[in-house]
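You will see two complexes here that share subunit A, one where it goes with subunit B and one where it goes with subunit C.
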Partner chain A sequence: MADLSIDFAGIKSPNPFWLASAPPTNTGYQVQRAFEAGWGGAVWKTLGEPVINTSARFAAVHFGGQRVAGFNNIELITDRPLEVNLKEIYETKRRFPDHTIIASLMVEPKREKWHEIVKRVEAIGVDGLELNFGCPHGMAERGMGAASGQQPDLVQAQTAWVKEVATTPVIVKLTPNITDITVVARHAVKGGADAISLINTINSLAGVDIHSWNTIPNVGGQGAHGGYCGPAVKPIALSMVAECARDREVGVPISGIGGISTWQDVVEFMLMGSTGIQVCTAVMHHGFRIVEEMIDGLNHYLDEKGLASVTELIGKSVPRYSNWGDLDLNYQVVARINEENCINCNKCHIACEDASHQCIDMLTNAEGKAILQVREEDCVGCNLCSIVCPADGAIDMIALEGGAAPMSWNQRSRIISGVNGSYSEAEVG
Partner chain B sequence: MSAFAEFDRERQEIDNLVGLGYNVAGIYEDLDGARVTFIRREPAGGPVELLLLTADARKHVTTLLVGGSRQAAAEIHR
Partner chain C sequence: MEQSSPLTTFTPELFMRNFAEAEPGLTRKGAIEESNRCLYCYDAPCIQACPTSINIPSFIKRIATDNLRGAAQTIMDANPVGASCARVCPTEELCEGACVLNGTSAPIEIGLLQRYATDWAIRSGLQLFQAGESNGKKVAVIGGGPAGLSAARELAREGFQVVIYEAKPLAGGLDTHGIVSFRLPQDISLWEVEQVERLGVEIRTGMKVGLDISIEELKAGYDAIVLAAGMGYVPPLGIEGEKLSGVYDAIELVETTKTGIPTLELMGQRVAVIGAGNTAIDAATCSVRLGAANVKMIYRRTRGEMTAYDFEYEFAKQEGVEFNWLTLPKRIVGDELGNVAALECVRMELSGEAGPDGRPSPVPVAGSEFLLPVDAVVVAIGQKRRMDLIEALGLKHKRGVVEIDPATGRTSDPQIYAAGDIVFGAGTGEAMVVSAAQQGKDAAYAIVKQWSGRQDGIVGSAV
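Take a look at the complex of A and B:
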């Protein structure tokens, strides 16, 4: 059995599975039940001046029979006084001293406000702080959350104010509602952040009821933008984690967040540079006990890979994440259809005809059976046919061997500049 | 005509010129494709200009140049 424990910027945790700051970490009752179920840590629902929440708060996007493909909320931070939360944090830490409790914090962007809350929260005994610069709704209208997180200089300043008094590691939680998340990440680090966590939720409107014309959700017939999360956002989160992980000016541990629902998702986020991960929507959908399957799955995976520690996964795929301009233009894959597995539904043919390069022919073989066949010389290897194919093993994407030497777009651009810049002709062959 | 056939026709034009001893003297890419100028030193020939329309032919001609650069670099290090 592999060692699942992690050290996240000096914060020890029995495993990489943390609950994100959200409704499942609202109370001591919930967090203690989560720890009993197996979660290694919890980021307490954001503390700050208590708010008043609306009813309704949540909405989901169901797609193709999959319930909660995406999840939308307009709930804000804690609606309970700080002392009530601190008392429950204290009790929870006393019962579970080896589990990780991080306090998520959000106050107005004023130095004295940050100093006050940091001192009061750390006095109760937490393992670290997470600065919520990401909440996209409600708090942002008051200059907090994403409104702070979208201003790199404000992220840097507030992080620095926190670091002036903090005695535990400081994690800065980043908003995805920005053009380049690495800019904010770098400013967090300049402000002294010990780690970053990403992503917070994405600006969203879950839907419009086409019968009542109300927004989904709505509060007495009025709606407002909320934060989107759940499986649908995972690719966006993974990309942003990867961008931060490969940015040398960021260079701090990453807590990966965004649509993580399975142990496989956890592996992906860790391979792409996360030291640990946080989960919310999957727990809101299925409950705390999903962590049991995540732990079992991760353990089996690590054993199969012959890895002694989960930390051996961290960042292993980062060097494989590059810029488009450095990809090899001469690498070539083509589709091959396996007749024995093909069910002749023609979806690949339709997709190729209508949306790609018209290279899948509908033919009749020697036995008079209808078959689909790829003209490989015309196939650009786009993958679309294999994506839409509903039959396992019916289409393989095959890498062609013995092609031309590797050449990227950037190499090509340089060589063209070289040719055009010289007065003598360039040698070829 | 299939995309491959269009590419193959352009590739043959490139390879024919290279086979006759022509080298690439310039590549200018614009909205209409790539205008590639070939000239030959011995015996003097050209310039000959090809307008390459297909992506694969535009890739092919620069792959030849990248190959040439690598070959030259390898010879320098010998």
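Take a look at the complex of A and C:
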């Protein structure tokens, strides 16, 4: 059995599975239940001036008959007094000394406010601090959360204020509601952040009720934007984690957050540079027990891969993530359909016909059986057919050997510029 | 279902319970889950396997996206008896059998989804289609079963004035009268009839062509005639004892259970059903649910040759029906009061030589006669042909099967088209409601083409 423990910016944790600062970490009762279930750490629901929450608060996006593809909330930070939270943090830490408890903090962007809360929280004993610069709703209107997280200089300044007094590692939680997340990440590091966590939720409106014409959710007939999370946001989160992981100016450990629901998601986030991960929506959907399957799956995966420690995954795929302009334009894959696995739903044909390059033919073979065949000379290797194919092993994307030597757009441009004297680096997306 | 109840009389409560639809419909959640499983194939094999070419992936996608009206319209547009077919189609041999998920996971429950959508339409009370603008042409349809209703509906949508002549007091044909209520409740079929009537089609019930209206009158009064009179009751076995009290016609037996509590008494009786087609199975399960103590099916061939669908056979076995293969009835034995007392049978064996229909011929085993003590005999050996009507219309036929041009349904009389069981030949499998519906549509399109001068009848194109 592989070693699942991690050291996250100096914070020891029995495993990489932390609960994100969110409704599941609202109370000592919940966090203790979570630790009993197997979670290695918890980021306590954000502490600050207690708020009044609305009813209703949550909504979800269901897709194709599956519930909670995405999740939306307009809940704010803790609605309980700081003393109550601190008492429960203390009790929880005493009961679970080896588990990780991080205090999420959010106060007005004032130096003395940050100093005050950091001192009070560290006094009762936490393993680290997470600065919530990400909450996209409610707190932003008060100049907190995403409002400060969207201003790199404010992130840097507030991080620096915290670092002036903090004795435990400081994690800055980033908002995705920004053009380039690495800018804010770099400023957090400049302010002294020991680590970053991302992503917070994405601005969202879960839906509109097509019968009542109300927003979803609605509070007495009125709605407001909320924060989006859950499986649907994973690709967005993963790309932002990857961008930070490969940015040399960031260079601090990353706690990956965003739609993580399975052990496979955990592996992906760690391969893409996360040292640990945080989960919320999966617990909202299934309860704390979901961690059992995540731990078990991760264990078997690590054993199968012959890895002694989960930390061996960290960042292994980051070097494989670069800019479009550096991709080999001469690399060529083509689709190949395996007749024995094909179930003749013809989805590849119509997808290629209507949305790609019209190179999958519906034919009849010598025995009179309907078959699908790729005209490889016209196939651009887009992957669409293999994406829509519902049958296991029916379509392979095959790399063609013996093409031209590798040549990226940037290499090509450099060569052309050698001829005509002009050149610009492409990061075409 | 109560079979060996201590009751000795067949109460209305027992009837209601035993003849209520046996298979539950899908719940909303079940329908959403199942519809979302559909791959939405392109050029889908299920459509090709449906004789009426219902755009199945389309109606299923409409269910998945909470558009039940659209789903019902897609179904009923292609198949005017789509609600009945949702229940009686041999789906595992048609759409579901063609589903690409066979062998991969499990085929989509197309029949149940079709029922879910059409049940919604029935409850909604909506009229799904509109009559076309009148073109001044008149068509008479003989027979208000699936083929006749389908022809009438498509003609009405194209602006024809249509009158259906129906011999029975209610239209719908076998869907209304001949399929057991626990598989197809009568109100489903009557809703389909009503949908056709709401297009302005007049249904004159209790009208036998040749008796209540003359052929001449019909031919003079209409521009075209669609003959969709189906088939008749069960022909005689040709053995001794058929007139005894306690000998029943399978179709009549089922029919008596469709319009209320039947007067015939099978409670506690030992019943022998002769035949092994779907009607024989219906008669057998019907007998069980009427309280028969024991029901045996008597068939001169084996399981391998029986024409009933597998799901019918399985259903019958679950109902407790026993099967006596390779058994030929020789004589029905009566008691002194003229009631059935026993069925004399002889054992058969397959000769190994194929008969005219390609199936191995059964031959009697000498000296193997035996007496089966029974209280009732139900005969289900096929249906009589409408020979008198066909002859009266002067149509070419082969032993009562009207000859038609398969593409148009046109008979030897250019004014008359034919569809449904009346053109259904022997040895071509089981007559299906869904095929009758398509033949009715085809006849209608041929008439549309004939009278509108159009090259293609386009009604009923996929939505």
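The working rule: the second predicted complex is superposed on the first by the 420 of 429 C-alpha atoms of A that agree within 3 Å, B and C clash if a C-alpha of one lies under 4 Å from a C-alpha of the other, contacts with A are read in each partner's own complex, and residues count from 1 in each chain.
What we mean here is this: a contact is a pair of C-beta atoms (placed from the backbone, for glycine too) under 8 Å apart; a residue touches a chain by one contact, two chains touch by 3 or more.
Just so you know, these numbers come straight off a predicted model, no measurement behind them.
In the superposed pair of complexes, A:A391 makes contact with subunit C only, with no contact to subunit B. Set side by side, subunit B and subunit C differ in how many residues of subunit A they touch, and the one touching more is B.
When the two complexes are overlaid on their common chain A, residue A:H349 makes contact with subunit C while staying clear of subunit B.
In the superposition on chain A, A:G65 contacts subunit C only, with no contact to subunit B. When both complexes are overlaid on chain A, the residue A:Q411 reaches subunit B alone and has no touch with subunit C.
After overlaying the two complexes on the shared chain, residue contacts for A:H300 are found with neither subunit B nor subunit C.
In the superposition on chain A, no contact is made by A:H286 with either subunit B or subunit C. By the touch criterion stated above, A:R320 is placed in contact with neither subunit B nor subunit C. In the superposition on chain A, A:H357 makes contact with subunit B only, not with subunit C. Shared contact residues of subunit A, touching subunit B in one structure and subunit C in the other, are absent.
Subunit C contributes residues 32-33, 35-37, 39-45, 64, 100-101, 103-104 to its touches with subunit A in the complex. Listed in rising order, the residues of subunit A touching subunit C in the complex are 64-66, 343-347, 349-350, 362, 390-391.
Looking at the complex, you find that subunit A touches subunit B at residues 329-330, 357, 359, 375, 377-378, 404-405, 407, 411-412, 415-416, 418-420, 424-429. Subunit B contributes residues 2-4, 18, 23-29, 38-39, 41, 59-72 to its touches with subunit A in the complex.
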